[in-house]
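Notes to accompany the following structure.
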Amino acid sequence: MSIQDLIEKTKVSFCQDCGVCTGSCPVSRVLPGFSPQQMVAKYVLSSDLGMEDEVLGEQDVWSCLTCALCLQRCPSKVEYLEFVRGVREEAFRAGNKITHAHDGILQTITQMQTSGLPQNRTAWAREAGTIKEEGEYYLFVGCVPYFDVLFKDMGVSPLGSASDMLKILNKFGIEPVVSDEERCCGHDMLWSGNVDLFKELALHNVELIKRLGCKKVIFGCPEGYLTFKEYYPLYCTDMGLDAVHFYDLVYDQIQEGTFQLSPLEQKVTYHDPCRLGRMAGMYDSPREIIASIPGIKFVEMERNREEAVCCGISCWANCSSYSKQIQMDRIKEAEATGADTLITACPKCNIHFSCALSSAEMGLEVKDLTQLMASAMGI
Amino acid sequence: MNKEVLVIGGGIAGIQACLDLADQGMTVYLVERLPSIGGKMAQLDKTFPTNDCSICIMGPKLFEVERHPNTQLLTYTEVEEVSGEAGNFTVKVRKKPRYVEEDKCTACGLCADKCPVAVPDQFNMGMSTRKAIYKYFPQGIPSVYTIDDSACRIFKGKKCNICAKICEAKAVNYEQKETVFELNVGAIIVATGFEVFDPSDIKPYGYRTIPDVITAMEFERLLNASGPTGGHLERPSSLKIKAEIRQLEKQIKKAKTRLKSLEKKSEESGDETRKALEEMNERLPVLQAKGASLEELRDIAFVQCVGSRDLRYNAHCCSYGCMHSVKEAVVATEHGSELQSTIFLTDMRAYGKGFHQYCLRGASEYGIQFVRGRVAEIGVGDDGRPAVWCEDMDTRKVEERPFDLVVLATACVPSKGIENLSSMIGFDLDENGFVKTDPNKPANTSVKGIFVCGCAEGPMDIPSSVSMASAAASMAVQTVKAL
Amino acid sequence: METELRTGVFICHCGINISGVLDIEDLCEYARTLPGVVTVQANLFTCAETGTSEIKAAVKEHDLNRVVVAACTPRTHEPIFRASCQEAGINPYFFEMVNIREHCSWVHRHDKEGAQAKARDLIRMGVAKALFLEPLETFRSKVEPKALVIGAGIAGMTSALAIANQGFEVILLEKEVEMGGLLRHLHKVAPSDMTAAELIGEKIAAIEKDKRIQCFTSAALEEVTGYVGNYAVRFSCGDESYSDKVGVIIVATGGASLKPVDLYNYDGEHVITQSELEIKLKDGNIGAKSIVMVQCVGARIPERNYCSRICCMVGIKNSLHIKEIVKDAKIFVLFRDIQAYGVENEALFFKAKEAGVRFIRYSLESPPVVEDGKVKIYHAGMGKEISLPADLVVLSTPIVAHDDAESISRILKVPIDEHKFFLEAHAKLSPLDFATSGIYLCGNAHYPATVREATYQALGAASRASIVLSHDTVERVGTVAAVKEELCSSCFACVKVCPYQVPHMNERGKAEIEPMQCQGCGICVAECPAEAIKFAYVSDEQITAACEALYAA
Amino acid sequence: MNNFEPLIAVFSCHYCSYAAADLAGSSRIQYPPNTRIIKVPCTGRISVNHILRALECGADGVYVAGCLEGTCHFVSGNFKAKQRVQSAKSLLGEINIEPERVQMYFMSAAEGSKFANVAKEMTETIKELGPSPLKGTNTQ
Amino acid sequence: MIVAERKPMEEILAEIEDFQKILVLGCKGCTTVCCSGGPKEVETLSTLIRMDRKQKGKEVETLEASTELQCEPESVKPMLENLANQYDVVLSMACGAGVQTVAKLFPDQRVFPALNTNFTGMAEEHGVWTEACLACGDCILGKTAGICPVTRCAKGLLNGACGGASEGKCEVSKDRPCAWQEIYHGLKRLNLLHYLKEKPQVKAWPIHPGKVVREDLRQEKAT
């Protein structure tokens, strides 16, 4: 989509040159010279004057964390995220690539999945709990297994929380379908501008799940959930599937009071992941889950719910000193609440925060909400 | 020809329309729901661009409305029902009981001194307290006291009647009932004004959570001589600390007397109050030290377009925000010449007569700084002072600037009762909730014989409200004379 | 004269406006020492009900026959205190007001004892003058139930129709050949989208139909004499001259849009003004694809430092009309501050943005540079100077006063400000009245205004004027001069100097002044060699008493 | 005479210079407190005797502040005032008192700052001229 | 009326230099009408005197009064008598006749004129008077179309123009019209030109001081 049409669709022309987006953006506070407003103004004007190629090569567009804080605060309701995503598409097409972190290992893994290599994605699942070949629920595992391998030394166990999730689902009497043919949901590709690869992955996954006869797709990872719920429909027609987040299921169970949780003497605080909170609108389920654990003391961080700040990295790219600074600020904010554990609901946030904590001696511990629940349920 | 006209709303627009009509020989009923007329303008300290003291230029008009032979002032009264058509409207109005006889009360104020109940004073935006029996504001008209039956002990079943006893004029009458009566008028002018937008649900601005972030109207009251601090500019946070110190000292005194009386009766329970006393004695110096460390108010930030020009709250511009902040910055500098004001704005809207020169003088003589850029977030800096995050669109710098006080120039939203008034009478409202008018017949509503003026029709400054009030008066007279 | 002079002095705190600088206690102390002073009271707000009732009580209690209030300016507050004196039973003119706020506490903040000494002197002078105050009565004079409206633009026509609808006759003068004023050159009027021609057509038809309105086009106002309710006006229309009597006058002379001579190399062809654009819009062809509008051309600059309020909205309205005609026109509006105040204007501003009109801000220090075919401007987003393609440049120029404003101001003896706009009585609370009673103003003559604002100002002025017209008499207060015949030497000096030719020799060969006609200026009083003309409102004795009290030995 | 604080009488007219003084007040424009205003409906009300009387009664300087020429509310009041101030100056010259002690100024109701500047300027000139030669006992 | 002008202050001050109590006596007749000696001018003069004396640190007491007609003893006598010994000198602001009446009535009283009497004149406009009549005692205005050649002609010629005028203006000064040309035009207008042909006039100039006696009015002296 050309930038002119993009401007039309995302109402960027409404911009009042007021700078609220830049003032709110966590990146512009640490990276001098980065101004979302200026970026928008530059793209609009250069496309107006037909000099798009001059600016499509610029790197600023990749520094944006796509954390949607600016979208949420813009007085003109400019759909800033859609605009950035569209510009990234154009930039990517013009050969301007995002700088990958971890030497691009994550991107290569995603790339490899499209080449039909057989994956052993489900071995852990068979040990952790019971899964089925077909059925109503499909558990979308996502890249968690790969994360487990890549970031073992960081003291995180993404697969651990995935298996806890499976055990809890089994406790609820849900035996979901898990398939080795599942591919990465394509979130990082979508936000790095590689929309063709994203389309390929999306179509494959949808076709797979439909083939297995499932109707509801359960997600543990917010990015998968959001991508499947909001962005798959843009590219796949008549999916006939609806995405269900694991915490919503747990929330329903808590309402019905079907399970007891043993007390946990801990003081915790909760970090709203951008994809889950601001972009998917889920604030209450995680908090209800934490609150339902007896004996636990929950305290909110100063910037919470729709005001929460990003964990500093997105799409495994642009990891630099400024992302570290954003992470450290966020961790300091968590520590300031007096909590000893920072609960996150996204495997990536968990990894990024653990990575930041590893290089700094802070008393704070990072834990995934699913793992917290599992320990409260004695799993 | 029915020469009677009803004006709903006792702000500056209603007053001007009422006086114009009365001077032309019409009989005018001015209905105002608050205990006194004056509206929002009465809450202002000074007005732009002439820096006149607001109540000084309005006072003579308030007197005139009360004294004019052709006007009938119906305060503490609301419109209940309207029927009929142009030339012959029947209007049912309900006058709430003041529990004070208006003709007897001389507004001497003795009752208020003695009244034991103190509640937040809405005229001062809740920043100070008033008694259960109160006068809405010192120069208020009618100059009589009113008993707030939601605060007064008598109406909560307790025995009190201190004010009845103390009142020399014997004006207090707890049995006063509300009265309902019918008016038959030829035309109605809606002058119900506007409400100040409550910014508490703009979370990033931290209104209500950060004590030193206040609205422009609250700052106006702080500036005003009959305001909560008698015109002495102080930060709400230091006000709170001083109040706490006063509170603590009072409790210590009370504890000391209770301790003395207990020891006299030589009962052992004295040590529990003694412990509480010691604890309070420890806390006092800490508070006092904190109180002493508060330095004078120096840096003030004015945040423009709070809830205005914002599709999430109010798309429209409040028309007076920019000028209001410049004026407040100018007037503030009078209270302490070392004050430094910074105004964060996008468009500087100084479009009226003398407005632009006023702002130039504000910058050159009063040292006001204008930052081109809207405030994104207000947090608390490490020194406990509010800190404003914003991008300066000229220098492109993004920074957190600490201030002693942040004033939010809030939006102008339709007044509370306008919906049911519009359903009662039948005139249309526009999509923002203001009264809908045709640009070529600016004072006419969609119902014949019903006219509108002032901010009820849309955000505007005082000169426009006054001109439009006279316009509404002219239309009312033309309509009544034509029938 | 009364038995014994008993003066009451009331000193006002005015919140902290006065007490913030002056020591009120010291002033009270000092006032008690002054001759004739019986009681002195201080008050937080003398103008409030509590203050005035305190005055009334003091008058009764000490049976005062003189009242002196030391507070703010008599120009706004004298009527309140006069009314209180009247209610307390003494003649309202046994009252003297001393201004210790605007003339003292507000302007001598940095020299507190100098201000205190000045305040004491002013109070002493007030009390000294009070001893010589004399009682005055009011007079009544007939009102001519007819109005004169000068200027038949949208404002003039609207007020003429409004006054006629209220049953009074109107004389409507228009200096141009046809009525309509600025709107004759406009295409459409935002936001109602009614064409300007329809709008003024409607008004002109109504005027021609209304028998109570006598309309004179290409007319010129010659002379106006008399006073409120009784103005004798002389005007010429073509070569005939007319004279008539009217009760009130409404100035609706409007304004002109500035011709931006040698600004942004304006040539009226590639670089045109908004009004020239309106003509192109009327014919429906713009003949250009990329258009650049420049706002604030010749406005908000040191030599014309006012914002002309309506040019932003005219620019936005016209940009939308261009988009209607030329779908894919590329329009850039270069602005300093967009004055889209209120609900309608802001909505129109958003509509323009939605239609793809781009707004770029520039500052006074680095204005755009117009060259042929393009406009160069510094763009904050790009961080450098860019050049916008422009086969048509439209300059938004401010509304300025007509060049005949000065002569009208002299004929009507009403003031104009430094930009030659007419000066209203009070910027906030009487924007439609002149200080001279009986003369009103509205529309661009007062200050640039949109069509909607000009309409309600015109209706407002009509209402203000109808106040006088709706009564058959108008009251005049007795602040007039009067001749003491036994002293008059019949030297005709007064007859010659009076600007209103009021004094004349009566049958007894002595000078006589008709109280209704005397404007109360006092020129004759000071000129009379025989000191035969008494001016009770400001007598020689009062002025001399004030002079004598100037210096405390 | 460095700490000499002159006493200056001002005759100002209700419609123009008194209003300008009010505007200087409401705009908080500071000026020296040496002026004492005597309000008259129009400066045309002031005769030569009033000016001489003010000087005789102890004023070190007198100025009459009227409307801008051509805009006097009473048409010619300020012209008459100008003539009378001129005649007072020549009379003072004849009894060799400095004519500069008496001045005529013109200002509109909208010129608050001009009123303040006039007050400042007049205070300076009179300070230079020193106290009025009539200073001593105040006769009447 | 009689037109007079105040003397320069320095001359007045010199006159009354060594007097303490000064009566400034105005006249409500002609000098009031020509704004030189009325009650207002009396006050101006006495204020100036007081200011001057005060400036010199010398004592002075000024008394102000105005007679109805200072050339009429009946108006002067009573007033000065009841002001007796309140003044050392009379500073009269009347015309010459007034000053002489006072001097005559009070021979041992020092009287000083404060004005210079100019002429019997007519008012052109407010503040401008021109000489009209020399009181020659033999008026010929009936024959000169109301224009007196004695006062209006610079040389006071009785029998026709001197011929030096150019463009109607006298050769003495450009702003003075030639009286005789004006007389010619006046007579032409009234077609009375024949008066010019009459025999030349010889003026019987009066011997000063002139006197008018009206026997019909004179009061018989009480015998």
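Some notes on this structure:
When the chains are written out, they are named A, B, C, D and E in that same order, and each has its own residue count from 1.
What we mean here is this: a residue touches a chain if its C-beta (ideal position, glycine included) is under 8 Å from a C-beta of that chain, and two chains touch if they have at least 3 such contacts.
This one's a predicted model, so the numbers in the text were calculated from it and none came from an experiment.
If you take subunit A and subunit E together, the chains in touch with both are C. Listed by label, the chains touching subunit B and subunit D alike are C. Greatest Cα centroid separation from subunit E: this falls to A. Ranked by C-beta contact pairs, the top pair of chains is B-C.
Mean C-alpha position of subunit A lies 79 Å from that of subunit D. Computed centre separation for the pair subunit B/subunit E is 75 angstrom, with centres defined by C-alpha atoms. With centres taken as mean Cα positions, subunit E sits 36 Å from subunit D.
If you average the CA atoms of subunit B and of subunit C, the two centres end up 29 Å from each other.
Within subunit C, contacts with two or more other chains are made by residues 109, 350, 361, 380, 383, 497. Multi-chain contact residues of subunit E, defined as those touching 2 or more other chains: 40, 43.
The multi-chain contact residues of subunit A, meaning those touching 2 or more other chains, are 14, 17, 37-38.
Pairwise chain contacts present here: A-B, A-C, B-C, B-D, C-D, C-E, D-E [touch as defined].
Within the complex, the subunit D residues that touch subunit E are 47-49, 52-53, 55-56, 91, 94-95, 97, 133-134, 136, 139. By the touch criterion stated above, subunit D contacts subunit B in their complex at residues 23, 26-28. Partner subunit C is touched in their complex by these residues of subunit A: 8, 11, 13-14, 17, 37-38, 40-42, 44-46, 48-49. Touching subunit E in their complex are the following residues of subunit C: 487, 489-493, 496-497, 528-531. Of all the residues in subunit B, the ones that touch subunit A in their complex are 203-204, 305, 309-312, 346, 373-377, 379, 389-393, 396, 398, 400.
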